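Note that the chains take the letters A, B, C and D in the order they are written out, and that residue 1 is the start of every chain.
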Amino acid sequence: MDKSTHRCGEDKELLIKRLKRIEGQVRGIQKMIEDDRYCVDILVQISAINAAMKKVGFELLEDHTQHCVADAITSGKGDESIAELMKVFQQFSKS
Amino acid sequence: MDKSTHRCGEDKELLIKRLKRIEGQVRGIQKMIEDDRYCVDILVQISAINAAMKKVGFELLEDHTQHCVADAITSGKGDESIAELMKVFQQFSKS
Amino acid sequence: MDKSTHRCGEDKELLIKRLKRIEGQVRGIQKMIEDDRYCVDILVQISAINAAMKKVGFELLEDHTQHCVADAITSGKGDESIAELMKVFQQFSKS
Amino acid sequence: MDKSTHRCGEDKELLIKRLKRIEGQVRGIQKMIEDDRYCVDILVQISAINAAMKKVGFELLEDHTQHCVADAITSGKGDESIAELMKVFQQFSKS
């Protein structure tokens, strides 16, 4: 499918900024392992990255529901869109 | 605390290799957002990153239990070590 | 709020049937503890109950989105409904 | 395997008391569905049950690590016990 979404420039910048911070945190974990840092400290950092990633995901999920899913519902094609939303919900919440 | 852990070189290399891949995936998400890619596709990628991060975490958790926790138990100081393990496990499993 | 939902009789019966099974499984855990059964076996059972509960939750979430949320969107009051959906989804996915 | 665990009477009573409360909450969900209660309210309740179940699970996990796993480590048979702990950890944290 060549579906795509038009996000406003401001939202995009903000999301990318947060993902750059997450990218830096992932690099930080590499350094912690390189430096033989204490496992528990690394695990705390990994939990923080996962939580930050989930937050980005929740925002995309909300944005997606507000725009793509809502548009599909308004134009009478909600069923497929809701089924897809639920599938990604489940996958995301298990990750 | 200045606790630290001595991991064998091979394990370290493998973990760092996987974290580099995750770092690349986080950069990939930035590009997907930049390119207005479909939300659901991005969310599937985010779920994949979280799953990969959890896998790294579980390995560190196992390594930590096999070495630090086991050593603490053997030398009669298991209580504190187990309490710490449980705390980080809870935090990790909620993330 | 005195919101309520009209589910069809068939769906209700099915959900209640599954919840009765879960109720029985929770009673089973009590017996396992009473009988000093092996912790790991109990934990496997608890994981099964949580997974079954989540499945019931996901079905309610889908049903809710298909009806309440879709209706709210169609009648131009989607924003509040979607915000509520996201909040409960976050709470649910962390549980 | 006929492994078993000896829990002290007090701990057992407490755990069973909490499981009885969870059992009552699962019955409460059935009534909420019977009465066509609002989906979101039911989902909030389901999240509460899952969180309560997880709490019971975490306590069993801690108890198991403090006793069975620690004993196995002390008697030089830690490897199998830790592998089993990690497996149940993963299953539990995904549920």
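Everything that follows uses one rule, which is that a contact is a pair of C-beta atoms (placed from the backbone, for glycine too) under 8 Å apart; a residue touches a chain by one contact, two chains touch by 3 or more.
Note that the structure is a prediction, hence the values are computed from the model and not measured.
Among the other chains, A has the CA centre that is most remote from the centre of subunit D.
We define each chain's centre as the mean of its Cα atoms; on that basis subunit A and subunit C are separated by 23 Å. Averaged Cα coordinates give subunit B a centre that lies 29 Å from the centre of subunit C. Counting only residues that touch two or more partner chains, subunit D has 61, 85, 92, 94. Inter-chain contacts occur between A-B, A-C, B-D, C-D. Touching subunit D in their complex are the following residues of subunit B: 54, 58, 61-62, 65-66, 70, 73-74, 78-79, 82-83, 85-86, 89-90, 92-93. Residues 1, 3-7, 12, 15-16, 19-20, 22-23, 26-27, 29-30, 33-44, 46-51, 53-54, 56-57, 60-61, 63-64, 68, 84-85, 88, 91-92, 94-95 of subunit B are the ones that touch subunit A when the two sit in their complex.
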